[in-house]
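Submitted below is the structure of interest, expressed as structure tokens.
So that you can tell them apart, the chains are marked A, B, C and D in the order they are listed, and the count of residues begins at 1 in each.
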């Protein structure tokens, strides 16, 4: 079952709604080990994305995702700005000018996005960052495909994996990002970026599985 | 939350409007993307200095735009790094043909956004050099982490390199000077109270009436550790010793001593800290030849102070004394 | 009480030691009795300006001692007027033969102590003139009361009359100028939080999280009334309207607009207030030709702001722009 | 029964002790309607007075009181400095170079002191100041003498009157001093200066009655 351009647009809209509902929680997580702005940053970005979406709706999936990425780059700021814009731009580039995509395209796209984040942020697994939600999500997609799981199943598995990756950041001592300034004090707190990333994967699963 | 603000979303925009109304002789202010440039920018043939970062650190950076200091500042939302398009527009607006120096505090977000802006500017044919400021000894330095934060030293770099650019030094020379200052300067800060980020509305951390945070940054992050309150003399020692030991500063060194308020700590207390800092340094044979005392790099209304030491030499002293005319720092002109 | 201090009894002494260490190029500091004088005092043939008052208002007055402003400042204990012997010694130390002008904020204690000092100085053959500053519109003026308080306008008088003295004007001319400024200037302040006097250790008044004090002085006294918090724009209106209505300032007037922090309010908020103040004044046809924005006359760490308006003319503008070189205010030199 | 030089010294010493015991209460009253320093001001002054007393002990009553007044002038500051130094200097001048004094001398002295305060501070009765404790104290002394009351009795009467005058300041709206800045809000609070003045009169009564 293919994922159409409209599915992609609905995903972006759904994630914007999810951010609107969760920005205070995200900012609060960032208040614990960062500078209390992650939710505000994401919210500012996706509000503008919603305004820009109409001008993207008639484009192909690659162009839509790149358009979202460019908007985030100029609106989010902080670390999340470049990071989230990289996710969308890399994914868009990987998928290219398609009007619909297969699960495999999405898996490749997410892998490319993850690689882009790793290059940009120079973080390793278990540094307590978004990557700790992304890597498991990508793995889950791949294994699901190898096992021939349905698209819906696979997407739910990736969301489940991202969720576990997010929770796994709690005991970690941050080595990247603002939380690293806290040293040992960063342990015991869930990473805000890993949380917003889990919500992103989850939102895709919700929008595309059925 | 008790602040003289209107809608928390409008804090930065309204502040910029105030700056625009207050200092037309010094700066021009642009919106969407937001940036502040020298009223006489671009200055032909002069290396242009561009800095920026989250808002909430006033007077840094916008208050340091003007003759002898910055050519442009890019204010992000409170405590959030500005975006590449702001930095790109600012860079284009102030380039006088001699190249542009980006002065970047070492935070993941600032670094990523400035890097992207520098690439875009280079694509447009502008010569850009970037220097990282990472002077906070409260954070261990390590290639495995985000490294040290850029804090108080940023102010001194902007002043001194600004004077060098004014003097006609090349982009390469200005960048080298900035890196030299970064190598010779160290800072550490502490907080008596938290600050309240406007859009959050509650304290960034909760600090009991009898405790303080040592080793804080400038974004309301908690510090490295939390301990019981101590007298000013003891606190000053807790800041001076790690700083001196880190470089290390040695007997016979001549330094600039910068005692900074985090925003809510009044001048009367800064002088008490300054007094003890000089006493401690003199006991180590370190001579204070210049100083700066006041709220220059703040965290909103946070009560607390930071100390920055910069090892000086003839050239640095001359550049420090050179005329500067900005809203936040002014002398000789 | 969260402060960067040691023993509360030593706050002023240790602050003075800090000032002495920090600014030997600008001032000389004397102890028991405590006073601060210009490093080059007495300046022969120049009228000398002496002010003073309780401590806790930094940078006023000690931070305003230097070329183009005060010749001497007498710091009392926190919020307590200094004593006649301090004022007498300071007056004798700075008299350059052209007479000494005492700039006195209108508080019972300050007035009584300065009056006695002036008499003693005259007995010793020094020509002394005194001017009273009473610009606070929050207090009704009446011959049956202590009258209005001297607040923000004091800073402007010290700067402008300091320039006049530097220019060689006579004692009589300086005194008349000071009285003219006092006639043309008005102020009003508000507080978001109380301050804590060091030797008291608890807030001077208790203010709920959702309330503010309007019409406060600079000594942690509660204001004229307490009301619910309002946005910055509304608060600015609550300060501007009584000020404008009091003189009154009229359409076509040119003014200096001084937005002052009570100590704990950061610059970012002052610019938001400044922005609205300009808007309100322009709507009334009043033109802001000069401004001052920052913490210049404070109440320790109190959060809040005050606004001062001074009707300007060519002479006042020229004197305002004249060079000044003090720790707290500096330009043109 | 006469009041000797030593009685006067003991009075000053006793008042210094009373201030030491009550300075927080006085500062607290001043915190309500002033600037929270009255107790600290008086304490600073009388601590120094105690240091200076030895150098005064061999002098006559007038000189002792004037010496105390001069010390207060250079140590107390604020409004209380000039006011309290005026009390002692005027009283000392009125009594003059005596080694002991009669109740009448003391009544005259206190009257002179009160007049001095009125001249210096330009306050009227019921302006909510020290005067509201002083006037009744002087009246009480005079009437007591007319009624031929004993010295001890008379002194206790004056203390009692000062006490009533002090309490009478509570409902008043201040017209002088810092409290006047509060306008109506000054009502309902006891005037700090009237309180320290009552303690002064009371201390004399304690030190001299019998």
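Note that contacts are C-beta pairs under 8 Å (C-beta built on N, C-alpha and C of every residue); 3 or more make two chains touch, one makes a residue touch a chain.
The structure presented is a predicted model; accordingly, all values stated were derived computationally and were not measured.
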**OP:** Can you give the shortest number of steps from chain A to chain C, where adjacent chains in the path must touch?
**Re:** 2
Original post:
How many angstrom between the C-alpha centroids of chain B and chain A?
Top reply: 32
Original post:
With chain centres defined as C-alpha means, what is the inter-centre distance between chain A and chain D in Å?
Top reply: 76
Original post:
Counting in whole Å, what is the centre-to-centre distance of chain B and chain C, each centre being its mean C-alpha position?
Top reply: 29
**OP:** Name the residues of chain D that each touch 2 or more other chains.
**Re:** none
**OP:** List, in ascending order, every residue of chain C touching at least 2 other chains.
**Re:** none
**OP:** Could you run through all the chain pairs that touch each other?
**Re:** A-B, B-C, C-D
**OP:** Name, in rising order, each residue of chain B that touches chain A in their complex.
**Re:** 33, 54, 76-85, 107-109, 112-113, 116, 138-140, 144-146, 149, 197, 199-200, 204-205, 217, 219-222, 224-225
Original post:
Which bits of chain A are touching chain B when the two form their complex?
Top reply: 27, 31, 33-37, 40-41, 44, 73-83, 120-121, 175-178, 180-183, 185
Original post:
In the complex of these two chains, what residues of chain B are touching chain C?
Top reply: 2-7, 11, 14-19, 21-22, 55-56, 58-59, 63, 192-193, 209, 212, 229, 231-233, 235, 263-275, 278, 288, 291, 293, 295, 298, 300-301, 303-305, 325, 327, 330-333
